[in-house]
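Should a chain be cited, it is by its letter among A, B, C and D, assigned in written order, with residues numbered from 1 in that chain.
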Amino acid sequence: MNLNSHTGDDPPAIDLNCDLGEGFGRWSMADDDALLDVVSSANVACGFHAGDPTTMRRVCAGAVARAVTIGAHVGYRDLAGFGRRRIDVDPDELADEVTYQIGALDGLARAEGDRVRYVKPHGALYTTTVTDPAQAEGVVTGVGRFDATLPLLGLPGSHLLRLAERAGIPTVTEAFPDRGYTGDGHLVPRSEPGAVLHDADTVVERAIRTATEGKIDTIAGTVIDTPARSLCVHGDTPQAVTAARRISDGLAGAGVRLLAFAGDHR
Amino acid sequence: MNLNSHTGDDPPAIDLNCDLGEGFGRWSMADDDALLDVVSSANVACGFHAGDPTTMRRVCAGAVARAVTIGAHVGYRDLAGFGRRRIDVDPDELADEVTYQIGALDGLARAEGDRVRYVKPHGALYTTTVTDPAQAEGVVTGVGRFDATLPLLGLPGSHLLRLAERAGIPTVTEAFPDRGYTGDGHLVPRSEPGAVLHDADTVVERAIRTATEGKIDTIAGTVIDTPARSLCVHGDTPQAVTAARRISDGLAGAGVRLLAFAGDHR
Amino acid sequence: MNLNSHTGDDPPAIDLNCDLGEGFGRWSMADDDALLDVVSSANVACGFHAGDPTTMRRVCAGAVARAVTIGAHVGYRDLAGFGRRRIDVDPDELADEVTYQIGALDGLARAEGDRVRYVKPHGALYTTTVTDPAQAEGVVTGVGRFDATLPLLGLPGSHLLRLAERAGIPTVTEAFPDRGYTGDGHLVPRSEPGAVLHDADTVVERAIRTATEGKIDTIAGTVIDTPARSLCVHGDTPQAVTAARRISDGLAGAGVRLLAFAGDHR
Amino acid sequence: MNLNSHTGDDPPAIDLNCDLGEGFGRWSMADDDALLDVVSSANVACGFHAGDPTTMRRVCAGAVARAVTIGAHVGYRDLAGFGRRRIDVDPDELADEVTYQIGALDGLARAEGDRVRYVKPHGALYTTTVTDPAQAEGVVTGVGRFDATLPLLGLPGSHLLRLAERAGIPTVTEAFPDRGYTGDGHLVPRSEPGAVLHDADTVVERAIRTATEGKIDTIAGTVIDTPARSLCVHGDTPQAVTAARRISDGLAGAGVRLLAFAGDHR
């Protein structure tokens, strides 16, 4: 099942997702409350790469108060590396780690009267499961064992979403308005020029175009179709929060409604 | 609600509970499979003091295969101390840590077709919540937020169970056949003589007496009533596994049926 | 041996110490470089409550570049609680944890051409070792085993310094210009009014008075003698950095020289 | 500098090294005392993949009592994976993690009157630094910053030892009497037949041949030269301890003296 199709929405609608709850104990990463005012889906860290239980419950409470959808942002067990380093975890163990993290967040979401509504891998687990079928299978297995109706949010064309579909798990794809795309639809690697777009107006325009036309400009000068049902925004700096708010405002100004892809589960 | 009453059971019945899943990664603590053959309730470590996700799921699988009831053995976040050191956690944070742990285990139990059926604090959290109302309140809050119908297993007379009852959470009490009791019904501190009983026959007799008569001998030479609905056995040494099996066999020989207190929840 | 005596210094001199390197991985706590410009002694987190190895080495490099003295800021093993929660660690194990942390920082200090020059407990270990002789003994043992000539920095009248002196370990005392003192020379507990002084001018004046006269005003309206050889300043907020700089400037304006108590070890 | 050459030793001599101190808190892995009776060099876990401070100091005490040389067994930060999973750590951060671990163990060795005398990577860090120059460089940098006279123990032909030599760090090579070798001198991968030799007599013979002739049999039926100055034995099962003792006894019976490669540093 693919939850992306929203053709013919009138008015057009799209989801905005953002990583949240990325503090740990006394340390914080972003202004969670400010971001919850902006997005429709919250990727909540589950304690392995970030996210202590109290932070997790508070983000859930803030999400519930604003009708933002709660998703499990599962990562490698790596607080020191913030989940941004690939770990060669055995896929069977990875599956269990994913189930553990979803369950933990689900408990805290339940404490606030809600549940986990989708799953998105974080950091190195996100990028690894794009290209590594064994690790992708681990994530898919871990999600499926918890609840095979829980959608996986990820990159179009990734092994993760391909294996999820094969397993009967719903999939949702996302686009990155502030990232450059190659002519064949991949993200420009961060080590190369054009990887990140810094002009705020351009980023807003790209977000609107993806939301209204399902298209995205590439660094090759071409325009490609993107099936994205969600746009990923970042919030780990004060500037990023401002940029996220501009995207949200820009979408509203263009008549695009924010609509969580898993929002109708409630 | 108090789940202890089993007066008039015919034949008499009691629960046997044991700590399980206390390995972490490559390290193991006990022979989980051998213990699952003996007990009716499994206190499964949830990752804070012990218990990695794969171990947790395997214990759940073994419990399901033997119709053993799965309980969340929640502890302080302290792998280095195995949860045996009191930590002055803020009670609000403790509540969230408890919810987190129950949720995590519940996810893995769900992966094996079951659910968490009760909660028991581990180690220093167990002893602290006997006498410390603030920490006890933290545990009770954490359980109640997850599911206020989930029984808490603990010591008769503890703050933990008193506060749980006040919060409308079911309570179950346990006795320790291999521990000495003072005349007023408390456990003899481990630092004092008579704290631990080493004679296997004596331990078996005490278990039978608690199960059939609801009574326990004290070091004062008196006999006291104990409302225990469960007997706690240990498994952290090969000798302990043997001792647990002897208790189980002794109970069977005395016509006492093993019956999980939360077993009828399935 | 007591390193506090600096009577008759001409010009008067005092040490300024501050907690540094309190980030972990992607998380940061304070502006370490700004603080290194202000203080004469750096209490560097050693990885147990905060401080990853790369942060630790960078702080050492910054300290070396500015001739700031490096101290080991040892804490409980508690990243989630930032070392601010008492843990009932066995004193023998605490001793080993202290030695471990000093050794780890010493390795990284050595990588930058310097060494650890003193030790100061952090957070809950600091407050616990004021009043708890067993935990204080653990710290003293851990320091003494590493190097019994390494001074311990702490609170006047604490068990920590008393036991250090008994063990032949040099001691240095500190005062807190931004904290209220009771008539008998203890810090006003944070839960009571007057615990923290917020007026910047007052704090600067107190710092100068301690540095030049060895005296401090109490909330009882009296003035007491303080043997402090060091003043502790805080840096965990942008405001705190500004306040620390004002103290440093105020001391300079009053003709007080900054002088690390362990600076002559180099 | 290469410490391997011991041609013309009379009687022949070799080092026996073994991983030790691989417990963590309440968990243990091997019988450290039994192994210390057998080997001449102890690779002591430093807290990142295993090894709490108290275990580390106890192993150091046991090593000092038996004149066994203490080495730092540095690993990835991965207690859950026991350091057996590759982590894509940034090489600069890896260098600092290596320095941190050596320093920590050195502090505890110092507490027992000794020092760290060599360094050997553990598990996935060992195998990764055989073939990955960036990770190998991280380890070499971390060792060199601590003390560039500290030998690195590793596999002949590894990037680790090649880069160490280039950096002027002493190198020592080891052989594995219980592992199969390919015709070109590499270890047979564990996934292939012949990877591990189970016949105790054969293993003892191979150890003696390496020690006396500097040669080892391959699965290709050929015999190759090995410059090994040390033999690695395992101790993570009771059977492994027995096997290690048989090797030690076999070497003694063949007139080979146990001689730590770094033993003359004391």
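Structure notes:
Methods note: a residue touches a chain if its C-beta (ideal position, glycine included) is under 8 Å from a C-beta of that chain, and two chains touch if they have at least 3 such contacts.
All of these numbers come straight from a predicted model, not from anything done at the bench.
Think of each touching pair as a link: the shortest run of links from chain A to chain C has 1 of them. Residue numbering at the chain A/chain B interface overlaps substantially, since over half of the positions present are found in both copies. As a whole-number value, the distance joining the C-alpha centres of chain A and chain D reads 44 Å. Computed from the mean C-alpha positions, the centre of chain A lies at a distance of 40 Å from the centre of chain B. Annotation for chain C: residues touching 2 or more other chains are 52, 80-81. With chains as nodes and touching pairs as edges, the resulting graph is complete, every pair of chains being joined.
Interface of chain B with chain A (complex): residues 47, 52-54, 56-57, 92-93, 96-97, 99-108, 110-111, 145-147. By the touch criterion given at the top, residues 77-78, 80-81, 85-90, 124 of chain A touch chain D in their complex.
Across the complex, chain A is touched by residues 23-29, 52, 79-82, 84 of chain C.
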